[in-house]
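The letters A, B and C name the chains in turn, as written, and every chain counts its residues from 1.
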Amino acid sequence: MALSPEARAIEAVLIVAVEPVTAGLLAELLEVPVEQVDPLCDELARSCRAEGRGFEVVRIAGGFRIQSHPDLAPYVERFANVGVSSRLSAAALETLAIVAYRQPVSRAQIAALRGVNVDGVVRLLEHRGYIATVGRAAGPGQASLYATTDAFLERLGLDRLDQLPPVEDLLPGPETLDDLEEQMRPVADG
Amino acid sequence: MAATVSTPVFEGPIDLLLQLVNGHEVDVYDIPLASVVDAFVAEVAGWESVDLQTLSEFLMIAAVLIELKSRRLLPGKDDGDPDEELVGWEERDLLLARLLECQAYAAAADGFAALFERAARSVPRTAGLDLDFVVDAPDLLEGVTPEQVAGAYLRATAERPVPTVDLYHVTVDTVTVADAVTELEWRLEGMGRSTFRHLTGHLTSRIEIIVRFLALLELCKRGRVSLDQGHTFGDLEVEWVADAPVPVSVGAGLYDEYEG
Amino acid sequence: MALSPEARAIEAVLIVAVEPVTAGLLAELLEVPVEQVDPLCDELARSCRAEGRGFEVVRIAGGFRIQSHPDLAPYVERFANVGVSSRLSAAALETLAIVAYRQPVSRAQIAALRGVNVDGVVRLLEHRGYIATVGRAAGPGQASLYATTDAFLERLGLDRLDQLPPVEDLLPGPETLDDLEEQMRPVADG
């Protein structure tokens, strides 16, 4: 089935875009109501799957983009610079997780949680563009507050932050928690 | 964590032990803590240099094990109202809460690694515009100052963070009992009487509630309030003692601080 | 008709590539004889036409590339003029800054500093006239060397390059100062 003219136009725009294009901008370019953009991009994504194209249309960091199909990673690897060198350490990943879930958060708050100095790790993450300062805490010292960036979403392949699993789901299993709670219930009458 | 321990029922890394205990695969009852500590100390003795991270993680896990074990050894109580459970919470319990939270973030970190890995299999199209296109877009450097260019250069070239000497040991984001005392004095003076649940109803974090509880105990100790609890696990009634002696000034250092 | 696995792989590579890819390189990536590349690219180009995609596969000097379909030029032009972005991305600004302070500099040198592939960004900056090639590096490959242009200086309101703030003056960076400030904060606010 041939693509609709609007889906073709979206594809052409995504082919020349260098970062995700928002639905609002696509609507403006096509002169269609913004509600129509999602179905059109769906049409586009479906047609890529149906024809078994070498790329896919995905929704990422609040916009749409074209990217190579994951199946074909072995072929495109040499064009991409996302190898081992950029892999984050466990400490960096955990710090990133804390920022992602507790943002906006200060360095001191992260350090309090991790129990170690996190200055170096925070700077590394900032340098990579995964986190950025978004303001300052009230109170003395006015510590910088950090939040995750669109680049973070892009690198994780996410559209929105709320696609991350809720932190509750990451706690040890429910039985374990119930049981821990039981073990920790006060023995005295309070 | 590198440290391993050996006990009659378990041999392996200490954090695995905690996971097994949490997951019920090993009963904390069966773990002789002395042998855990002995094994760890023996291991530390073999170290060429001190690994602070491992040491502190061991201490934290050991503390949690002791906590779990002591709870298990004492006769339990149940069916309390969840709110009232807080009454027995103490700093040690906060340690476990924090450990659980850290475990959650570690799990999240694993998830992130998997997402990174998966996302890296797809590479975005970034070829950009075919140069044949005539573009008279607004100036992309509109509003950019030379200073911003310099800043961008520094950001781009700040390859590795410079190691710095850590001068601070206390976090800024502390909820202090002193603050809570002041706050509760002010509120209770106006209200006359209230309940613990009412006083803490607006709070969302456990630590904030616990700090209010400690502040109430402090006020009670100083004769500023009287506390009454109708029945076990009932709501705590708080009454302001209007004719109490003038309070000594509330200063820093008199109270413990709790990290939020 | 579904694409052959080889045509899919070529499509993925062309989607990711910034410059035209030679038949020789495609043959190498796919591990097929180079004579097979032309027919495969033909298959790909035909399927794009048959399905009415928003892009086409073309052979130009030096190899194959994917570009937006000429029919859709009005949308692409509008996107380029309205959309692309009315300001430089952080990544583009950092790349521009590197060229400004390190010129003449090759793409590979910039990539080494930034830790990512910068081809697209360099093209954008070159296309916008902020940087230009000023020669070729000695040695194998003879990479193009980039420098900033007069237009760049003009946009920044500078007469000469040496009016850019000396970067040594900016050290220690603002973040470092924040750190110091944070570390010297009074111990507690209680």
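Here is the rule we go by: a residue touches a chain if its C-beta (ideal position, glycine included) is under 8 Å from a C-beta of that chain, and two chains touch if they have at least 3 such contacts.
Not measured: the values here are computed from a predicted model.
The central chain of the assembly on a C-alpha centroid basis is A.
Put simply, the chain farthest from chain B by mean CA position is C. Rounded to whole angstrom, the centroid-to-centroid distance between chain A and chain B, based on C-alpha atoms, equals 24 Å. The mean-CA centres of chain B and chain C are about 43 angstrom from one another, to the nearest whole unit.
Multi-chain contact residues of chain C, defined as those touching 2 or more other chains: 15-17, 66-68, 76, 80, 82, 84-85, 90, 117, 120, 124, 179, 182, 185, 189.
Across the assembly, chain B contributes residues 123-130, 133, 155, 158-159, 164, 166, 168, 172 that each touch 2 or more other chains.
The part of chain A that touches chain B in the complex is made up of residues 14-19, 55-56, 58, 65-70, 73, 76, 79-80, 82, 87-88, 90, 93-94, 96-98, 100-101, 106, 108-109, 111-117, 119-120, 123-124, 127, 137, 139-141, 143, 154-158, 164-165, 167, 170-173, 175-177, 179-190.
Chain A makes touch with chain C in their complex at residues 2-3, 7-19, 21, 25, 28-30, 47, 51-55, 66-69, 71-72, 75-76, 78-81, 85-86, 107-108, 119, 123, 126, 129, 139-141, 143-144.
Those residues of chain B that touch chain A in the complex are listed here as 22-24, 53, 56, 60, 67-68, 71-72, 74-78, 80, 84-85, 87-89, 93, 96, 98, 100-113, 115-116, 118-130, 133, 155, 158-161, 163-164, 166, 168, 171-173, 229, 232-233, 259-260.
Looking at the complex, you find that chain B touches chain C at residues 123-131, 133-159, 162, 164, 166-170, 172, 174, 176-179, 252-253, 255, 257.
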